[in-house]
Amino acid sequence: MAANKSVIAPLTVTNMTVAYQKKPVVRNVSFEVTEGELIGIIGPNGAGKSTLIKAILGLQPSLSGETLVYGKPYKTQRKLVGYVPQRESVDWDFPTNALDVVMMGRYGQLGLFRRPGAKEKAIGMECLAKVGMADFAGRQISQLSGGQQQRVFLARALAQDATLYFMDEPFAGVDAATEKAIIQLLNELKRQGKTVLVVHHDLATVEQYFDSVMLLNGELVAYGPTASTFTEEMLQKAYGGRLTFLKSHASAEDEPVLIAGRG
Amino acid sequence: MKRRMPSSIKRFIMTLLFLVVPVALVVTGCGQGSGAFKDDGKLHVTATIGMISDVAKEIGGDRVEVIGLMGPGVDPHLYKASQGDIAKLEDAKVILYGGLHLEGKMTEIFEKMSKKKSVVPVTKNIPESSLLTTGDGTFDPHVWFDVKLWMSATETIRDTLIENDPAHEAEYRERTDAYLAKLEELDRYAREQIATIPEQGRVMVTAHDAFGYFGNAYAIEVVGLQGISTAAEYGSKDVTALRDMLVERGIKAVFVESSVPKKSIEAVIEGAKKLGHEVKIGGELFSDAMGESGTEEGTYIGMVRHNVDTIVGALK
Amino acid sequence: MLNLITDPNLQWILLGSMLLGISTGVVGTFAYLRKQSLIGDTLAHAALPGICIAFMLTEVKSVGLFMIGAIVAGMIATVGISWITRYSRIKQDAAMGIVLSVFFGLGIVLLTQIQHSSYGNQSGLDKFLFGQAASMTAKDVYTMTSVAVVLIVVCALLFKEFKLISFDPGYARGLGFSVATLEQLLLWLVTIAVVVGIQAVGVVLVAALLITPAVSARYWTDRLGVMTVLSGLFGALSGAIGTWVSAGTAQLPTGPLSVLTATAVFVASVLFGPQRGVIAKLVRRRTAKRDWAAENAKQTGTGVGASAKERGVSA
């Protein structure tokens, strides 16, 4: 569907530059996102994908850059934004269970002082169910497997009921069943009109999962609908020739099949 | 997540640190003067507690310059010599100290100094039979509260001065005789005054077991809250036991000293009040140190008098 | 030991120690979970210059003033620690060590200055550092009560916030919570508990009162709320038993006895904790082994050979 210019974009980033010790990792990245899409952010290792997201969310200081969420500065719109980071670095021995963690997603809505009650618990259970973890509600987080922990944090982000989501490699290190569950979840979010940006590493599934893609390698290589942007030419540009394509002559399609690459 | 401080501010702070710290060190280091005594032909004497320096001043007169290390309110049991103190000890010809482990943390220094000069414990001539022992077998060092014993210390100080400055022997002897006479009178005064307290109430309770000799010499019972040195710990049983004793015997006053916190006594008093017996703080006593210099209580005689008057005033 | 309830001094000591135990237990839970267990030690040492300066400014030996001085110094110390961890690569433990040494060193210098000056009357200063639970009076009980109430109320009101910033501070920031402010507030609560605690058990032992009940509580529950309450209870229990034992024998200081009790509770927790305790683990393992052996025997007992082995794998 064509982007209606009178609708305010859920996310507009202008001139984002981030540096680690004077070396710029993300250089002058600007883009605008269309509502209700699943957007994949892809690029080689060290391309600055996670850094970009962290900078957008203010978790990483930036040299320059402005982030607007639905036209307003990000800081004033936090309630609308949800974030699922890469493998969480939390204390897994913390005395809390899966449901408890998911309910933390509601803390933003509750504000200062108010205690979570039955309503929050219900939302929490609902979100756990959506990620298939309803049976684990009372389980101590230290007793969950890696994939289960990831799902709990996904559920937490869902509980926030945000309209714009950032997810950093949600499919990393999860089994096929979990991956299927996650993509189903993302599609449901899309159906609800929400927007999700996903840092993704598996080039083979990009066309299947995402409406738009952002190719990043320090600088913005390309941003646009998957069909027109996720092309061999663009990919080679982003990955600097580290990809191998299999050209299938016998096939009627023009599209080469990507069989190997270091993403 | 790390917030990065602007590097200009970082640099400013680092510079500040590298400049300020060394300067501060140098300034404080230079603070103490070198050469503790005025070089003017007098005999240089460094003493520890005020009771000793006061006596030394009295019998030395113009012939000596006396520096005392421990001022009013200082606890000799816990006192640690500073760099400045070492200088004062080095520059003296004579060092006078209490001995009997009163200056518990300075033993090594005295040993070191004794190789080069006269280092004399003023209690050395007191016969062992006159000394009290504490619970753990050591001697109680608070001898100055028995004026007769302190008279012996006075004589020891005199002899030390004569040894180091024989030229003025006659003067020292004359001044000592005059001073001893005053001490005799003080001793009599104390005995008479204490005797005016009715026998049943003749008990003094203090936060510190420093008055053993006083009690012995002047016939008054002494009960303490803590052990002999101020480092001893006490527990709730000690507090309740003491309070019960006060209530039982109807003792009207307890005493605090200049070098020990009031808190321990206050708890006992408040507890007694709750049990219906009024005990008040009888006044502040001097134990390990004297009063402010320049005042009456800043001299040995004045201090003992103050203690006696305070005790008598509260218990009579 | 009816004494404890009727005897006025023992009453005060008992109440004071219990209230202190509750205070340190509750805030200690958060300190422990945030891996700031030695903050108690750091703040206690950092208090010394505050006490000295309070004395130098007012020339009065008042416990109330000392406490204010200690709290101010402690608060400055916590700001210093946060500052160091935030703006440099130095981690919490080193930051705490640095602050502890600098503040305490400064304190010793000031203390020596006071000792050698004509202020005199200063031995109350280091007595403050040794702590003396046995000399608690009604006034102390009021102080302890107010502190305990304030601490409990704030921790209850901000429970979910404290839980969040202790578990996932990054996420908390994302939600819009001012993590720095909340962390600082928590540290200040700890400071108050520590300064009040110094009076009872002294500088060196107050760290134990902060950590031990919390660690013990962890062995009995997996829920933060329960853990906090339990930690407070263990703290109170330690205070009570410490008072009780020292009330029976002379020359046994109350404060250190409370700490020893807390340690005993800890040892008991490590041994007998239902899930994580040593004995529970041993029993579980032995039961599992037994069950496994029994099941194995059952399978091979029916003599179905290979397929029995397959079935036996359904552990």
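When the chains are written out, they are named A, B and C in that same order, and each has its own residue count from 1.
Going forward, a residue touches a chain if its C-beta (ideal position, glycine included) is under 8 Å from a C-beta of that chain, and two chains touch if they have at least 3 such contacts.
Just so it is clear, the model here is predicted, and its values are computed rather than measured.
**Q** So which chain is farthest from chain B, going by the mean of the CA atoms in each chain?
**A** Using the mean of the C-alpha atoms as each chain's centre, the farthest one from chain B is A.
**Q** Centre of all protein Cα atoms: which chain's centre is nearest to it?
**A** Here the chain at the core of the arrangement is C.
**Q** Just the number, please: Cα centre separation of chain B and chain C in whole Å.
**A** Centre separation, chain B to chain C: 39 Å.
**Q** Just curious, how far off is chain B from chain A if you go by their C-alpha centres, in Å?
**A** It comes to 75 Å between the two C-alpha centres.
**Q** Give me the residue numbers in chain C that touch at least two other chains, ranges are fine.
**A** 170, 173
**Q** By the touch rule stated above, which residues of chain A touch at least two different other chains?
**A** Only 59 qualify.
**Q** In chain B, what residues contact two or more other chains?
**A** Where chain B meets two or more other chains at a single residue, that happens at 1, 3-4.
**Q** Quick check on the complex: what are the chain A residues that touch chain C?
**A** Touching chain C: residues 57-59, 78-79, 81, 83, 85, 88, 90-91, 94-97, 100-101, 104, 107-108, 110, 112-113, 115-116, 140, 156, 160 of chain A.
**Q** Can you list the chain C residues touching chain B in their complex?
**A** 7-10, 12-13, 61, 63, 86-87, 89, 109, 112, 115-116, 118-124, 126-128, 130, 132-138, 170, 173, 243, 246-254, 256-257
**Q** Enumerate the contact residues on chain B facing chain C in the complex.
**A** It comes out as residues 1-5, 10, 28, 71-75, 78-80, 82, 84-85, 230, 233-241, 243, 258-264, 266-268, 270-271, 274-275, 289, 292.
**Q** Which bits of chain C are touching chain A when the two form their complex?
**A** Touching chain A from chain C are residues 33, 35, 157-161, 163-164, 166-168, 170-177, 218, 221-224, 227.
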